[in-house]
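In this document, chain identifiers A, B, C, D, E, F, G and H correspond to the written order of the chains, with residue numbering beginning at 1 in each.
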Amino acid sequence: MSEFVIDWEREDRVGVAEALLCDGKSGGQIEAILDAAGARPLLLTRLAADKLAALPPACRSRLAYDLSSRTAFFGEVAAPSRLGPGIVCAGTSDLAVAREAARTLAFYGFDAPVLADVGVAGLWRLLERIERIREFSLVIAVAGMEGALFSVLGGLISAPLIALPTSNGYGVAAGGQAALTGALASCAPGVVTVNIDNGFGAACAALRILRCMVR
Amino acid sequence: MSEFVIDWEREDRVGVAEALLCDGKSGGQIEAILDAAGARPLLLTRLAADKLAALPPACRSRLAYDLSSRTAFFGEVAAPSRLGPGIVCAGTSDLAVAREAARTLAFYGFDAPVLADVGVAGLWRLLERIERIREFSLVIAVAGMEGALFSVLGGLISAPLIALPTSNGYGVAAGGQAALTGALASCAPGVVTVNIDNGFGAACAALRILRCMVR
Amino acid sequence: MSEFVIDWEREDRVGVAEALLCDGKSGGQIEAILDAAGARPLLLTRLAADKLAALPPACRSRLAYDLSSRTAFFGEVAAPSRLGPGIVCAGTSDLAVAREAARTLAFYGFDAPVLADVGVAGLWRLLERIERIREFSLVIAVAGMEGALFSVLGGLISAPLIALPTSNGYGVAAGGQAALTGALASCAPGVVTVNIDNGFGAACAALRILRCMVR
Amino acid sequence: MSEFVIDWEREDRVGVAEALLCDGKSGGQIEAILDAAGARPLLLTRLAADKLAALPPACRSRLAYDLSSRTAFFGEVAAPSRLGPGIVCAGTSDLAVAREAARTLAFYGFDAPVLADVGVAGLWRLLERIERIREFSLVIAVAGMEGALFSVLGGLISAPLIALPTSNGYGVAAGGQAALTGALASCAPGVVTVNIDNGFGAACAALRILRCMVR
Amino acid sequence: MSEFVIDWEREDRVGVAEALLCDGKSGGQIEAILDAAGARPLLLTRLAADKLAALPPACRSRLAYDLSSRTAFFGEVAAPSRLGPGIVCAGTSDLAVAREAARTLAFYGFDAPVLADVGVAGLWRLLERIERIREFSLVIAVAGMEGALFSVLGGLISAPLIALPTSNGYGVAAGGQAALTGALASCAPGVVTVNIDNGFGAACAALRILRCMVR
Amino acid sequence: MSEFVIDWEREDRVGVAEALLCDGKSGGQIEAILDAAGARPLLLTRLAADKLAALPPACRSRLAYDLSSRTAFFGEVAAPSRLGPGIVCAGTSDLAVAREAARTLAFYGFDAPVLADVGVAGLWRLLERIERIREFSLVIAVAGMEGALFSVLGGLISAPLIALPTSNGYGVAAGGQAALTGALASCAPGVVTVNIDNGFGAACAALRILRCMVR
Amino acid sequence: MSEFVIDWEREDRVGVAEALLCDGKSGGQIEAILDAAGARPLLLTRLAADKLAALPPACRSRLAYDLSSRTAFFGEVAAPSRLGPGIVCAGTSDLAVAREAARTLAFYGFDAPVLADVGVAGLWRLLERIERIREFSLVIAVAGMEGALFSVLGGLISAPLIALPTSNGYGVAAGGQAALTGALASCAPGVVTVNIDNGFGAACAALRILRCMVR
Amino acid sequence: MSEFVIDWEREDRVGVAEALLCDGKSGGQIEAILDAAGARPLLLTRLAADKLAALPPACRSRLAYDLSSRTAFFGEVAAPSRLGPGIVCAGTSDLAVAREAARTLAFYGFDAPVLADVGVAGLWRLLERIERIREFSLVIAVAGMEGALFSVLGGLISAPLIALPTSNGYGVAAGGQAALTGALASCAPGVVTVNIDNGFGAACAALRILRCMVR
């Protein structure tokens, strides 16, 4: 009996295919799963550069790797053809997580522009670009530290807003609990959140919404 | 200078009006805010029965109160005319929170049917109704305890899924942290969550999505 | 040996006198301390209305009680004669804590105007009054929930800013830990904070700063 | 006086012998304990590959090491001859912990088949194999993340069910607290749990039950 | 559509019927569920005395209530006829939880003797009765505070041992987290645990084991 | 079989008799235990005034109750005849816990003077009395809030110092965790601590030390 | 569109310029931001020595690096010309954080003398220097472990006192939560605090106060 | 001004000299402090082997280093001449912490025998040696995991008992919080505790007690 039981039907059922979370998996396990995938395209997340380097060349050659987001596309993936959510990002350190979301959306054909350095300590940076942000039918906000961006943005736009807290920060903000709490306790109505650093999850939530928009 | 600065423009800006969270406010403060509202309809949440009873009769007579959800409508509110999200509820103890969501949606004209007793310990109850649930373009799942419903449902439907964890439970589940963690750590892709017992917030998130569907 | 050793010299030493925190003290203990105070004025904090009512009339008649802040002045206290900090308050539920700070400042002769309902979910309310706020040489910001006000305000003014987190909120915000974390992890530079609901402490910190301004 | 006082009689008393938890012990301590063991077989757990490599060859040659579970058998251990529990495992990343349980059971003569990739996000994978799982008189369920598998499985089978939460996950799931909470707060009746990543402990609990079945 | 969807088939599927957890349910909801039950016997747990008193007499007359465990039997329940687990209880304050377990077992026909006051601070009390305890084929240990009983007992018997931590204690032990941690981190091999104060759950786990013993 | 198994030999074994912690016990249980005690003196702790009032008069008449410490002596207890530890107490709100310790010591024949209001915010109060404190061969320090008294005192005296953190405080200090942490993390060498509000435990620790001094 | 949107106007608005927190940023990102800065001086914080070493020589040559505080000045920075706060430091291990504060103040032209080894376990070290400390118009206190220094110092001086808790410590003090709690729960009136290890933030708070002193 | 202000008088004042905690100090700082010590003996704790190796040979040659406890004696230290406490140690992994305590006591002239492998899972190991343990006038108990040893031992001996929790363990026991909680919540009367892994602190507490015994 094969050890790996991939949920290949997941895309039909929930709109997104099973992705391969590489954290916690050995190189051998990753290779075996890619073998099982055959011709089916697959998204790999949290693939560290040294784990990638240790894969056999034949395997590696079929992966389109992006270092900053630590994601890889396995197999043929078409270029994004539709406009997806806007991704509004508080600080430079949050960009890696923002890009995991953007790459996941790209895998599914959506282009998601990233607007960087929109932290609320310099509010003008947000206000200056708010009209641009209001044009998106859906927004993912990415922030570490105290996550005040979620509340401010939530009070300024009417589109669905997905908070994506990151683990950037130190002291009480270390690990992302402060940003997550900022999202959950937000005084702005209707902000929803995903787990800390879960760029993949935020993108999947966006896909669920995007697909019911175009229905 | 008037002490209360209501954000009357919020509905134009973010799609939902400012609601009056009665918890932590005195009867006098509630009364003063209702006076300021004048002819504008207002949603009151977390209005305990004894706080309601202590309001002056003239004030009380303009409130349409619902005991189970502890919400009240102030002013004229039309009956719901459009179908909103389906609300899937794990246990009887979670119904009060589910109804806060349903009442908030009703205030904005959406009818949100509640499907009760869909806890995963009796999985057939969910599977038996899954086709019905799949008909909704948006689902709010309400659960306390460990919140396993969020993951199971998230793996069965492709519509946007908003987890609404409740504080029902004891021991490690007391206060709702277990259900919230279950939503955030869910292995199903694209589940989003709101704060514990935040039926109002889940409804507002649903309104953000519903409105961009009909645009 | 008398049981109560009041630190009467504290005002000379640190600029504020010892106050009488009534929480956790019996009516008899409060009475004994007031007897020991004699002609010296004393500030009482967290004095619940029913504890006040149980004090002997002779004792009660020397107390100027304020219900909303649960504070009392014992002895002769002059009316405020100097302008102190501005107190910027996010929500109606935070007013009781804001008033504990204002009353403490009044006890020491400073008038501290409270600007209410400046929550960031309706950002215009803050922006509309920002010039007024910038006129204060010192600001105390009061907020519960996620405390995003601290970061936004901290990025807009250059005066010293003391965050005063409150316990208002539910779910992850219950008890004030979320607002406190929001203050500590703030992305705005130079925000300082005091303990949750510590209106007295925020006022004392303000007094330390105000006194070195006028030196 | 010898420093190590091994509890050799533990197997007679509680049905399982004292195992050697290598984490936190130096190579010298491990060697000394193996010397003291003499001809008695011993199970070593959490033996990292580099700690093994640093042991003297004579010592190493008596160890049958399994890399994936980081366990070793010292001395002669017979092949498993009886059917033990079924081990149902949610994700590939949980396999290492599952195998620690399986190896412990093998050390005591029980064969424990591992059914991999039965996560509830693809419920069909569980439902498709539920009849197979129902044939076991005892089941160990292994899951990280939110641990929803424990509740779903607990509602589908009547055999004793031991939850074995793992530390796989990130954000709020990092370290395994989310999966543990999922097991403890489970809405399915009669689920019991052991500590996070405690494959050895889950196996010992299974041995206690298996032995009273065959009595 | 009836609001309550009771999982009547649960007993066939998992060996225990759905019980009615009265905490968090209104009197009206309890009454409606009992009406739906009709002639089927039902176990009610966490039924506070004043909630019982508020039920209509007709309803109350069909309930056999036990004050100390706050449980009630609805309908005809036969007297226990088989010997179940021994319940070993650390302190007098833990008896209420121990009795919830005993009553649940009685509902299913098992007699579970309670051995009280076996706290390890007076070890002789445990050692004096250890032979008696060893006669049980299954043991539930009930303890609050630090839960050291779980480890000591786990090292002395070979039967399956279910730890049932209680919320008795103060300071760091308040709420039961200390006792729960004591069970999970136990140095005795093969101790399993359930949620804090979950006498019902410990009994259900015992039922799962007892039933596979008699198969 | 009698339900209550009192550890009457505890005093011989560990130097202190089993005390009766009344919290969590019903009036009936307390009565039954006092009946079992017969002529043996017994210390009752955490006996609330209303629980005392509900005991039968015959039972109550044999109890010497102290309201401030919520302790009672059952049976004949001689007046203290030897000097025990000094009890140094930070604030008026900590006196109840200090008195639980003093009463426990009195039950065993030791007189323990309480020095009140020695909080470090008014350091002179401590320095003024430090010579008096240095005369004690053993000191119990009682403090809530941040517990800085433990460190300051620990750096000034060479006698054994037992920290007794209390639950007095609000915000992050609520429940006593801050004071406990202050004791455990103290920079003064050799400070030991007991559980929050555990006046009985601090006294028992003192008794262990006092007895080996007089041996 | 350039990715980095630096808040160059921050100094005008809040009195301190945006600093470059190097933790969590790649060498490439740091280089790009320095390029964007051009001739503007910039403060870099948390710049690890190996990250510095990996920057291109041209970039490195424009940085004045200080190893102990892990800060660097980019561009021309004048020598401090005014007296700033006194920095009172509990232990040698806290010096690195103290120096981050001192370097930040130096970047803005203030000289901030560091008084080391003033831990309260040796109280004479503080008392001996208290007159010197009282000469400062503003004090930053730096401490790890339990942070008792904040309370003792807060009771001895009347100047504004900013607590700067550090992550030095082990066990319950590991990570700095104990010192932070000690600051927040302090019994001394008017102590304010910043996040753990936030030397930069403490300095910015000092700058806000210093600037309103000289106005 | 010299940066290091050693508290040389601490031994006169509190009975133990200031020790040099090497964790968090650079090699240069350690060297400078040793230089300042001159002829005075000094105890160094938590000195990692690689930090020792990096010290200059002249400095290293004056240090008597013990690898297992990571302690060093600087200067002339006489051999222990008096019997100190017995150190009872639960597991092999706890020995390093036990030895930090023993080395600290040796530095002050006390011999403290270590009794290893006395974990309560094999209770006979403790009972077999209980008479030996009862001969000590003072006992330090060292345990990780759940720390049940503290309660069992506390119920068997009347001597002062200092609990020394260690960070050994995994899952909920990782970091030592479980063992610490076990000590604080202990049902045995009069157990006191120190911080996690604080062998130095436990020894200092023992020294305080030992010295008042011999007075």
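What we mean here is this: contacts are C-beta pairs under 8 Å (C-beta built on N, C-alpha and C of every residue); 3 or more make two chains touch, one makes a residue touch a chain.
Worth saying up front: this structure is predicted, and the values here are computed from it rather than measured.
Listed here as common contacts of chain A and chain C: B, G.
Think of each touching pair as a link: the shortest run of links from chain A to chain H has 2 of them. When each chain is reduced to the average of its Cα atoms, E sits farthest from chain G. For A-C, the equivalent interface within F-G, E-F or C-G is the one where over half of the contact pairs agree by residue number, namely F-G. In the contact between chain E and chain F, the residue numbers used by both copies make up under half of all numbers at that interface. One inter-chain figure worth recording: chain A and chain B are separated by 27 Å, centre to centre, where each centre is the mean of the chain's CA atoms. In whole angstrom, the spacing between the mean C-alpha positions of chain B and chain D is 43.
The mean-CA centres of chain B and chain F are about 48 angstrom from one another, to the nearest whole unit.
Shared interface positions of chain B, i.e. residues touching 2 or more other chains, are given as 10, 119, 121-122, 154-156, 171-173, 177, 180, 184-185, 188-189, 195-196. By the contact rule set out at the top, the touching chain pairs are A-B, A-C, A-D, A-G, B-C, B-D, B-E, C-F, C-G, D-E, D-H, E-F, E-H, F-G, F-H, G-H. Against chain F, in their complex, chain G makes its touches with residues 90-91, 119-123, 145-148, 150-152, 154-156, 169, 171-173, 177-179, 181-189.
The touching residues of chain G, counted against chain H in their complex, run 92-93, 95, 116-119, 121-122, 124-125, 168, 170-174. Every residue of chain G that touches chain A in the complex is listed here, in rising order: 3-7, 9-10, 18, 21, 23-25, 29, 33, 167, 175-177, 180, 195-198. Across the complex, chain E is touched by residues 10, 13-16, 19, 137-138, 154-162, 180, 184-185, 188-196, 200-201, 203-209, 211-213, 215 of chain D.
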